[in-house]
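Below is one structure; the comments refer to it alone.
Residue numbering begins at 1 within each chain, and the chains themselves are lettered A, B, C, D and E in the order written.
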Amino acid sequence: MAGVQVSNLSRSFGAHKALDDVSIDFADGGFYALLGPSGSGKTTLLRQIAGFDFPDSGRIAIGGESVERVPVEKRRIGIVFQNYALFPNMSVADNVAFGLSVRGEAKAVIADEVQRALDLVQLGKLGSRRPHQLSGGQRQRVALARAIVTKPRVLLLDEPLGALDKALRVDMQIELKRIQREIGITTIFVTHDQEEALTMSDRIGILRDGRLVQEGPPEEIYDSPKSEFAATFLGDANILRGDTTGTGIRLPDGTTIAAGAGVSLAAGTKASCAVRPERIRIAIDAGVPDQTYANLLKGQVSKRIFAGNNSTYFVERDSQTIKVIVQNTGIERLVEGQDVMLSWSPESTVLIAAS
Amino acid sequence: ATAADVHVLNWKGYGADEPWAIAAFEKATGNKVVNDFFNSEQEMLTKLRTNPGLYDVVMINAAFNDQAMAEKLIQPIDVSKLPNYADISPDKAGSPMLVRDGKVYGVPWVWGLTALAINEKSFDTPPTSITEMWNEAHKGRVVIRDDAVEAVQFGAIATGQNINDIKDMEAVKAKLTSLMPQIKTFWSSENDWNQMVASNQIDIGTYWSGSADRAKTHFKLPVSLVIPQEGAVAWLDAFSIPVGSKNVTGAEAFINYMIDPKFYVEWVTKVGAPVSANTKAVEALPEDAFNRKVMGDPDVAKRIQFQAPITDTQREAYLALWQQLKVDVK
Amino acid sequence: MQGATASRSGLRSALPLLLPAYLWLTVAIFLPLSAMVFFSFMTDLPLSGKPWAFTLGNYAAFFSQSLYPTLLWASLRLGLEVTLWCIVIGYPAAYVLAKVLKGRSREAIFLLVILPFWSNGLVRIFSWAMVLREGGILDTALNAVLPFKINIDLMYSYPAVIIGLVHSYVPYMVLTCYLTLQAIDDSLIEAGRSLGASRLQMLKRVIIPLSMPGLVAGAALIFVPVVGSFMEPRILGGRTGTFYGTVIEDQFVAVFNWPLGAALSFILLAVVLVILALAAPVLRKAA
Amino acid sequence: MATTRILEWLGRLYIWLLLAFLYLPIIIMALMSFNVSPFYQLPFEWTTEWYAALWQNEQLISATRNSLEIAIITTIISVVLGSAASLALFRYDFRGKKILQALLFPPIAIPWLITGTAMLIFFFGVGIGRGLLAILLGHVALALPYVIVVVSARLQTFAPELEEAARSLGANQWQVTRRVTLPWIMPGVIAGGLFAFAVSFDQFVVSYFLSTPGQTTLPVEIYAAIRKGFTPEINAVSTIIIVVSMALMLFAARFFKFGGGK
Amino acid sequence: MAGVQVSNLSRSFGAHKALDDVSIDFADGGFYALLGPSGSGKTTLLRQIAGFDFPDSGRIAIGGESVERVPVEKRRIGIVFQNYALFPNMSVADNVAFGLSVRGEAKAVIADEVQRALDLVQLGKLGSRRPHQLSGGQRQRVALARAIVTKPRVLLLDEPLGALDKALRVDMQIELKRIQREIGITTIFVTHDQEEALTMSDRIGILRDGRLVQEGPPEEIYDSPKSEFAATFLGDANILRGDTTGTGIRLPDGTTIAAGAGVSLAAGTKASCAVRPERIRIAIDAGVPDQTYANLLKGQVSKRIFAGNNSTYFVERDSQTIKVIVQNTGIERLVEGQDVMLSWSPESTVLIAAS
């Protein structure tokens, strides 16, 4: 009933193209994550869908109907602004009640719904506060409660959980998913938290400089990035560059890397292989040659960075640093300066045309 | 204006709006008086022009009657309906300013002077000459009305000229220029004058005779009028009936009441007033009354010069001169 | 991003909101003033029944007599001085109201500042006369505390005009500045101070620029009418109280030369608008 | 912290000094309404005769009533129309906007004397005539620019995304205005209203031209009275008005927060 | 020269204690991360140090000297506000130049430094824009540039990188660390990004409801949380509750869990064991009994959530869900419904007094 189609959308600010011919089909009831570097046009795109701003060209349809002439208030959207945009003159409860009350709901119904929404964002007791009396994360949650309480057809969320700590964030993610599923809201979600994007969304779109660079289900994008940018932007990746052999590449020093995923390329052209750091096995010796871990590189550990459930090893080889993520299982830690052998499977290696 | 209302246009506080007078008139005739006021003759004319049919009686300085007639703002008056008209002094009643083609357009009411008035506290003996205004001793304690025509005519008198035919404008200008440093401020209403005297801020200045009388009689201020030996400006105020009046009968009754001796005596005694144009009215005053003794003095009559109508061009020239003088002292 | 929202639907959406106000202004001000513009090109008023013709003479009169430019200049200076005094006196008060006082007392004081505004202008001027004249309140009070005798007679002088006008107009400045000062987010002030800016520097670099819309509105609401004022100068200024506004008044009241008076007024309006237009970019740059 | 306190204290002191300046003539006016001398003469002699006289002065009382009525209606109309126009000028961009904004200045810049005369002639010409209605027509027009200028200044501080947020929640233009925009600009609207009231209530020149006998306002009455010889009845009525408005305002300030809570 | 000591700081808003007797010694030149749930008092603490707000009780010293009487502008701090607080009336470049220019630096010097700072935050070309013409992340970077360009003694950062994508965030982290090291700025840093806190900081403090619950170097807090809250707030943890055996606990079903870390407790009291999900080995069979992985639990996989470089398995057992993180090495994925054996070492098990 309320998928969102944007087709060939462009929007410029002066000479700067904030959106450049973007087409995305946001499926009805889907959960769509919008990723992209700072300034890539995510907020601009949401503003076009909401109807706050108008494209220079291109079309937007909600629920199959063009919304060119539909004013914001008729689009039945919910939006969480990057800067919250809470009404400073209203209490927290009144902020949340706003959407229901302009719709003319009964007082008692409103009070009920508002309390439920506030409880949901764990602010049940702060209803009478004014926004300026709240902490950053509390404000963000009010914005979220305000947007969802009206049960909109489309939810546009611009980093809605960015100011929340991990635990609360996870709680909110779960609630958001639940609501979205229950009412079948089409949700478009901007986030800089990769894990969030990967775990929550049905599909992900990556914007760069106003253009859509890749779009698809999370695992597909993660496992088969189509560009070096996509590979390194979503998740981490080691990029090895060389000449294609057809099924892989040959590095400048002659080592060949076999690739089991990605495009097929004519031999001889320049190409890259992308390997996720967590896919690389790091060992002190080469061990038994293993057909699965066919790609082999030697190197020396230069640094280890502890990051909680895993650590990243920085391994130097042939003037390139290769990152390897190792889960912190509590044993077998490598020390800096150690010579190591890196190995990974061709299936973990994505062949990418040089960009 | 409904038939029973008489709409009167006059200066504020100038007899016609005295509550006791109105009450008496209303009681006697059944008409109801509605007062409206103006602050300058020009404004009075504008009010007449923009409110045809609103007013029944208007008080016009005779010098302006000409203009009102020319613009067809006022109508001839059937003086046979005014019993008191017969007592108007003939020289006033016959003034060419008020009578045109044998028709009476204005009924003389009162006349008075723009002369000097002094703060009695500042003088042991009252001055006799207009030159007192230039006396260094009064520097910064002299006032003059902020009115170009009056100022220029005052200058004419000070330079010994005919106010209605000023030959030597340069002399007037020079005389007034030398007066400027003496001036404290320019007054524009009786109240200005009275307040300044009350707080002892001034010694001497030009003033209207009726106003000086009111200051003394009604407000008990130490003010007395001086008619300088060089002379003074005299004016004659008259009542007219505007074109389109809806209550001519009421208007006639009101005008007649205004020139009635009984009203006049009461006015002079209670409030203070200029000199009535009705000889019987003046005679009804006590022998030694200022308006009878001094104003009626033939010697005074010789010294004063009645204002004649002036043309727009003259008026504008006077204003230009006056403004230039004011700018020059800044 | 706000530009885009603003330009959205343009005149058609604006019209229903604009129309009532501008219609009213048209009927009650613009049309009457247009008639005045018309008069200003006439030799005489048709009202007086005299023959009339078109002329530029009324405008030429302004330039042919040194009197008018001199007075206009004096009035502009007066406007500027009064405006500056209002800024000097009113801005700090607005700042204290907006940023220092908290709670209920703020609302009360906000109202108290306006209240004198509601009293009659003439009555106020007369009261000032009482204060300023020789032997008045100021004179008496000062002589009561000072060991030596002085004569304070400010009445009928240029300072008296300034005092009277500043008194009449300073509430505009306080209130318009308050409106914009109050809206400045405290965190901006905190940010500036954390960067090492003293209070004075903050004032100059952040607070004044951000409150500029209020300052400009206040200045316009003061400068513009003061330049044309005639009542206060006449009553308080005495001998020195002749200004451009008073000579315009004379044309209307004393000699019934409306065409000249109107021409003088429109010259005043033109000069004021040119000044505002010239000031706008400078102010916008400062903001 | 110490400096903050000192500055705060100085700030308060300053406000009180300003209020003293603003109220000095008002206090004198009030005192003189109890003084015997109609010429502000000292020494002060206590009397309430002027209040008694005022009570008898039907003309003054009816003029006061007219003034109050006109000022209140003027305030309401000009605040509504002016705020609406300010919103339009703030929200939308269109050609000629600059001109509309510039048009607000003639009513302020042209001395009221000229405007008043112009109104008199024009209203006479088109048959509106004079009287209370004409006065009201004129007052609203004079007050409108003040309201628009002041409300616009406040609107400059408004964050437009608040309107966007409200609209996204389904609020129509009117609901957005009433519930989000208006509360923010309220201090400006109130200040505009207070100005509008002052412009009307203290309006002499324009009222003077447009009033007719019987249909007149307080300033016109006062002006006329002053020419005759000032009576402290005028001080008395002014004092009553100030005292009553002060009471009303302080009462309002207690219950209504319009300083613009954050 | 400019360590920051806060001692017994308390600050209430009405009845609500936003800070409750907090004492922390921020070492000179150190990099200190402040963590805590939304509304726990982090911003409030920074505001006291900056001097924007004053404690009800307690003392603050910077560089050894009490700052009670030192106004904000004399404290020589740099601050990035949660809401950025950019000067709307100035261009981006003027915003950044502000601190230098109020100090009276020469124009040329300022221009230079500003350009350097803008380049550093990758906004070199946007100097002439106004803040409202920037995207959220761009604004945040301006705020960062503005705070560091003055080389303050103390840098207070309130989620300074929250609006940035991962790649930019990492770049900024590196720059921040470099600057902080080069000039030796004492940095206090609020973040909700756990990895950021763990990888960047020398020490971490965790606030909860205005109180400091734990404080120490990242690995220490991660490996030896002193409370269930600390264990679950920083990183993820499975909490198993039972009665102490002295060296571990006995679960309600009788299974004993051996703990090699944490406090020692008198046997018989209630206690918990915290185990990090990444420390648990998940296998289809128990395999060869292994002394190292002494703790054993049986369960059934109910869900797997893909999160890029790792996946989380939710394993149900005895009405408790145990989370297990498994690095996505590209092989051996378990399916939902599968019976599995979980095992982990006592060293990976932290014994915590019941709370």
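Here is the rule we go by: contacts are C-beta pairs under 8 Å (C-beta built on N, C-alpha and C of every residue); 3 or more make two chains touch, one makes a residue touch a chain.
If you want to know which protein each chain is, UniProt gives these names: A, E = Spermidine/putrescine import ATP-binding protein PotA; C, D = Peptide ABC transporter permease.
Here the structure is a predicted model, which means the values were calculated and not measured.
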Length of the shortest touching-chain route, chain B through to chain E: 2
Chain whose Cα centroid lies at the greatest distance from that of chain E: B
Averaged-CA centre spacing for the pair chain D and chain B, given as whole angstrom: 38
Inter-chain centre distance, chain C versus chain D - centres from mean C-alpha coordinates, in Å: 15
Separation of mean Cα positions, chain E and chain A [Å, integer]: 21
Inter-chain centre distance, chain A versus chain C - centres from mean C-alpha coordinates, in Å: 57
Multi-partner residues of chain A (at least 2 other chains): 52, 83
Chain B, residues touching no fewer than two other chains: 39, 46, 50, 195, 199
Multi-chain contact sites of chain C, meaning residues that touch two or more partners: 1-2, 5, 8, 47, 129, 252-253
Chain A residues touching chain D - in the complex, by the definition given at the top: 50, 52, 71-73, 75-79, 81, 83, 85-90, 98-99, 102-103, 130, 132, 146-147, 150
For the chain E and chain A complex, residues of the former touching the latter: 13, 35-39, 42-43, 82-83, 133-138, 140-141, 158-159, 162-169, 192-195, 198-199, 218-219, 222, 232-236, 276-279, 281, 292, 305-310, 325-331, 344-345, 347-348
Touch list for chain D against partner chain A, complex: 159, 161-162, 164-173, 175-176, 179-180, 183-184, 261-262
For the chain D and chain C complex, residues of the former touching the latter: 7-8, 11-12, 14-15, 18-19, 21-26, 28-29, 32, 40, 81-82, 84-85, 87-96, 100, 102-103, 105-111, 113-115, 117-119, 121-123, 125, 137-138, 140-142, 144-146, 148-150, 152-154, 156-158, 160-161, 163-164, 187-188, 191, 194-195, 197-198, 201-202, 204, 218-219, 222-223, 226, 230, 234-235, 238, 241-242, 245-246, 249-250, 252-254, 256-260
Touch list for chain C against partner chain D, complex: 1-3, 5-11, 13-15, 17-18, 20-22, 24-25, 27-33, 35-36, 47, 89, 92-93, 95-97, 100-101, 104, 106-124, 126-131, 137, 167, 170-172, 174-176, 178-180, 182-184, 199, 213-214, 216-217, 220-221, 224-225, 227-231, 245, 248-249, 252-253, 258, 261-262, 265-266, 268-269, 272-273, 276
